[in-house]
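These are the structures in question, set out in turn.
Shared chain: chain A. Partners: chain B in the first complex, chain C in the second.
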Partner chain A sequence: MKSSVLDAPLRKNLPFVLPGLIIYVAFVLGPIIAAVVLSFTKWDGLGRPELAGFGNYLQLFGDEFFLKSLRNNAVLIVFYCLLPLLIGVALAAIVSRVRKSEQLALRTLLFMPYIMPSAVLGIIWQWLYNPAFGPINQILRGVGLGALAMPWLGDFDLVLPAVGLVATWYYFGFCMVIFLTGLQRIDPSIFEAARIDGAKPWYTFGRITLPLLLPEIRIVLLLTIIASIKSFDLIFTMTRGGPANATLVPNIYMYELGFQLNRYGYAASVAIVGAILIFAVNYAVHRFVRPAGTGAR
Partner chain B sequence: MMHRHSRKTGALRRKSLIGLVSLAVVSAVTFAQPASATDLPVWDDYSYAAQTAVIEALDKKFEAAHPDVTIKRTQRTFEDLGLTLRLAVSAGDGPVVTKVNQGAKDMGAMAQKKLLLPLDEFSKKYDWPARQSESLLARDRWSKDGQFGEGPIYGISGLAEIVGLYYNEQVLKDAGVELPLKTFDDFLAALDKVKEAGQPPIAMGTAKNHLALHLLAGISQAHIDAKSRKQIDDLIYGRGGSWKTDGNLESAKLMQHWAEDGYFYNGFQGISGDDAVQLFIAGQGAFLVSGTWYFGDMQANPNIHFMAIPAPKGVNHPLSVGGVDLAWAITSQAKNDKMKDLAGSYIDYMVSPEAAVEWAKAGYLPSTALPKDADLDVSPLLSEGLEMWKSLNANDAIGHYPDWSTPTMLKTIDDNMPLLLAGQQTPAAFVDKLDADYSSYLASK
Partner chain C sequence: MASTSSTTAVKALSFRIVMWLFALMTIIPFGLLLLTSVKSKQDLFRGAFALPDYPHFENYVSAWVDGHFGIYFWNSIIVVVPVVAISIVLGLLTGFAFAFLSFPGKKLIFVLLTIGMMVPTEAFIIPLYYEMRYLGLINSYAAMILPQIAMSVPFATLFMASAMQQLPKDILEAAMLDGAPRGMILRKVIVPLMKPSISSLGLFLFIWTWNEFLIPLILVNDDVYRTMPLGMLFFQGRYTVNTPVLTAGAVLVIAPIIIVYLIFQRKFIEGLTAGASK
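Up next is the complex of A and B:
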């Protein structure tokens, strides 16, 4: 008995699948395969690529710039994932307790940064951080804290947190909304029972709310980790990886190698390692962050 | 019956098929060629509004003189042109005429792969050497074995560029500085006076753009007399040499001193070069070292003037960093003689005295000499630029952009300049990095 239209023979299904398949192969699968092949070659964008075997990959792991970009990316994960997650959980817990009408207003306001393109945010924040006429330093000077008015995007130590905090600001509203939907999913009678049993709010949050929010935490981690490893637009618009590579991340390095230095094969190997990293970290999240009593999905 | 009907239908189908195939072939041929035989696809990097107005006016005049030609112009930013041109032309696509960045990365690589055509026949036909000096034309020469500055010519530029010293006359007067500055020591003394008066002496922003590179190269090359220019010519044209010179080391030391001791804008590390220019135009700072491409913007402040960076005593004709803007070139997309001739005549028009007048009217410095009888109301700033250009050409004193020396030099400078200015790298280590980049390039040639 046919249970699905897709149970029909291939020749009947093919006309329906083919248009989508062609687009997928042309724009996703094809470029991925091309990038993998390219990563085993030396190619300057002109002429024929020369086979390089694993040369690009071997060179990559001794490349101080690539290693620096990985270290920077590890720091950025704190700002892309950890801080938005913590702020998102805390805000969700607070917002879920206010009245419905106020909740809607708060939720909308806090979610607002997420609806803007991150490249636009980069340009805006670059202006906000400007040491000469940016409002952050103007305000600091205005309230007598001129000593704290720093060249935020020009200081080697401050620039990574300065860019990272923009990412935190961008993602916390998104995390909060996911956690709010998670909280709505939890049966209110569980909280009621805990209250009757005399559980304090912190105890309830730590022992009931958080464990029950693990599916949402997992989703948030997956999405924000992917965002941090593929980060490009925010950093490109704010610092282009500078000063002196202080905000260099693998995708910016890939762009520089390919489009500025014409080392397309080597750039492709950076892209492939980035993709492998995303898979590996997400597998770890899948494997280790899951509600108690459930298997890895 | 059925059989006959089928045969007739079959014949009709075959005819239709032949018709469709013919149509497809005709369409393919039509679309493979430009839309008409006289379409001329052109890519340029004139992306500022004032530049766009000039180039569009010039295109219209060229079309008026060639009624059968339609120019298909694509405007790209400098970065965008660098990203796309090589890939497009190597894929058999892109422009017939294009602007291309001189140096090893773009023009050198494309010339080597025959993606650009030599223009010597046009240079001879239109007598370009009569319009621009060999010192300028050499920047577009690449030999068959990849030697920069020699061999066939692959381009010619329409605009001149000089990296010089912008100064705010009012700020200097207020600080008690006497003008004109005659020597490099006068310049250093003026910096101190301005600093004592509480103004930032040098407008600087290093977060984006290349003001620091221009300042470093500017002061370094101002110490080279035109008669001793062989060393830097050899260096830039990849004939050999070293970046480890006393001039470069002293310049790096000065840069570090100025950065650490408050001669630049406060927070310059977080300000982009373009923002620093705007602050300078708004009256902040006494000096700014950059190129003539800011003439249009600088005209907004009548106190701002332009001069060569003063040289130390004993250097009679100091080099000024600069040269020409991106070159006009013909790509391998020019498949036949007719298209090549059309492209050649378009480029000739773009570097003609007539085009030079149009650029000068808009406040830009043309590389081709203006006709003596040109009816021009030139701004004071452009007038200073034109005088300087004339003098530099007469003395063969147009210097070089350091980043033309290797395909990676710009990145090496960008990576290390912030470290130098922050005091995290010694001037000697900075110069060593430039030299290591250069040695590595020479070894790879």
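Up next is the complex of A and C:
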């Protein structure tokens, strides 16, 4: 790294680096390291933490609740990632062909859920799903589909997809906007050439558009899979992981173990496994989803 | 051929309908929310889409006064303003250092900052809770402000550093040759040039801090310190039956965000998508 004209001796550089760094170490990096250490102990929050080696981690993989939370999370990836991705690509392909003004209006509209507090959206959706007076069931009864008016968040089998669909609703517009930006980056003459060569629309989409959108697909995969592993606010406000752990995910389990059962060491190991999963996803997406050959960055 | 052109037209139209259906799906929950927030309890039984005889704005008064949303609103402001302001200042300083200065362990510190961006708050909330308890800060504004500044430092630093690296070098060199001290150059030359980036950063930090849920959930349990999203949760516990007031409260929480979003939506979407594609 070539030094800049603005560089100076270390003593004079430190005032620029230290303030931000100190507060970061004090309230983020320090606690992260403490959480790692804590995950190797047993601690009830009162006495001294006892070293437990890898005990917590070994226990985790025989813990049916933890395994259940991982399975739930795997299902949620379909709703956090796969569905928004598919809807997003399809919508972007449609929206990119309409008038500019209509495009802007749709972009503004569809992006809106993404900037909202997911905790509040969870509470709103809990009301929408309410079996007795929620609007969804009211509408279903109103159009004569009363048989479909289910206790969405009270049913063991329905609750996970019901919560998942809220996440899909939350992310598909965001995905659409990312893909739309991607489509605008692609040189239109490529599509023109394909059309002149007589390529069918589906062929063009599969063989030209999708490969060129690979950088955007990568971002969307990364952000949405990570969001599903991080999921807490939405599920906490909608179901608290219930009924009967049907929507338990690792972060909810961490919250219960730590702040309700005072098993802080074990809770920390759940949290650390979540963080490791995020690093693994990050690595996997960067490693395996890469633009092949020419045309893309 | 007339038939193929008409099938293309039908196709285009059906695509348009699909597109607007999804747009409707996005907007309907918010529309229902707004509508329900001006209904009376009796109006509720006449169906989700039925209009009330006249708008019951008193629901908002109940939410603001009896529902404590007035307190929650000011708490949110008291937390968000310092978090955004201090994070921007720290981001400018640290970003300046990463863009132009040399110091030992620069690469390592960079890696440590990116780790902080990836690790979810849930992963370190337990030690953070005990740290705050040790400092005697549980149930205080500081318990929400300090960690959220710290959580903003990595993003603010990287965002500012990458924006500063794109500044024209000759201006900085000219300022340096004039013999101005670096603090002055940062304040008088760099900051004015970076106004667009600074306002984008401020916007993101505002939204993230306004929406934050876990930090106030864990670090604050006294109602007088609760911020809006959290206040909403506890309000729901108390007022489950009174749906109109609940929805009025929800509108109060998201209204500031929607207003800011609609004013700056261009900047927002472009900033977030550009940031995401790095």
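What we mean here is this: the second predicted complex is superposed on the first by the 285 of 297 C-alpha atoms of A that agree within 3 Å, B and C clash if a C-alpha of one lies under 4 Å from a C-alpha of the other, contacts with A are read in each partner's own complex, and residues count from 1 in each chain.
Criterion: a residue touches a chain if its C-beta (ideal position, glycine included) is under 8 Å from a C-beta of that chain, and two chains touch if they have at least 3 such contacts.
Keep in mind the model is a prediction, meaning the values are calculated, not measured.
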Which superposed partner A:F259 touches (first chain B, second chain C, both, neither): both
Chain B versus chain C as contact partner of A:D44, first or second or both or neither: first
Per-residue contact with chain A, leading partner among chain C and chain B: C
Partner chain(s) touched by A:I77 [first = chain B, second = chain C, both, neither]: neither
Touched partner set for A:M150, first chain B, second chain C, both or neither: first
Which superposed partner A:N245 touches (first chain B, second chain C, both, neither): first
Contacts of A:A132 with chain B and chain C, given as first, second, both or neither: first
Set of chain A residues, in rising order, touched by both chain B and chain C: 45, 133, 259
Contact footprint of chain A on chain C as seen in their complex: 12, 15-16, 18-19, 22-23, 25-27, 29-30, 32-33, 36, 44-45, 47-49, 90-91, 93-94, 96-97, 99-104, 106, 109, 112-113, 115-116, 118-120, 122-128, 130-131, 146-147, 149-151, 153-154, 156-157, 172-173, 176, 182, 185, 207, 210-211, 213-214, 218, 228-230, 232-233, 236, 243, 246-247, 250, 253-254, 257-258, 261-262, 265, 268-269, 273, 276-277
Chain A - residues contacting chain B, complex: 44-47, 129-133, 137, 149-156, 239-240, 242-245, 256, 259-262
Contacting residues of chain A [partner chain C, same complex]: 1, 3-8, 10, 12-17, 19-21, 23-24, 26-32, 34-35, 38, 45, 87, 91, 94-95, 97-98, 106-113, 115-120, 123-128, 133, 135, 138-139, 142, 169, 172-173, 177-178, 181, 215-216, 219, 223, 226, 229-230, 232-233, 236-237, 251, 254-255, 258-259, 264, 267-268, 271-272, 274-275, 278-279, 282
In the complex with chain A, residue positions of chain B that touch it: 82-83, 86-87, 90, 105, 109-110, 113, 115, 206-208, 265-271, 275, 279, 407-408, 411, 414-419, 422, 424
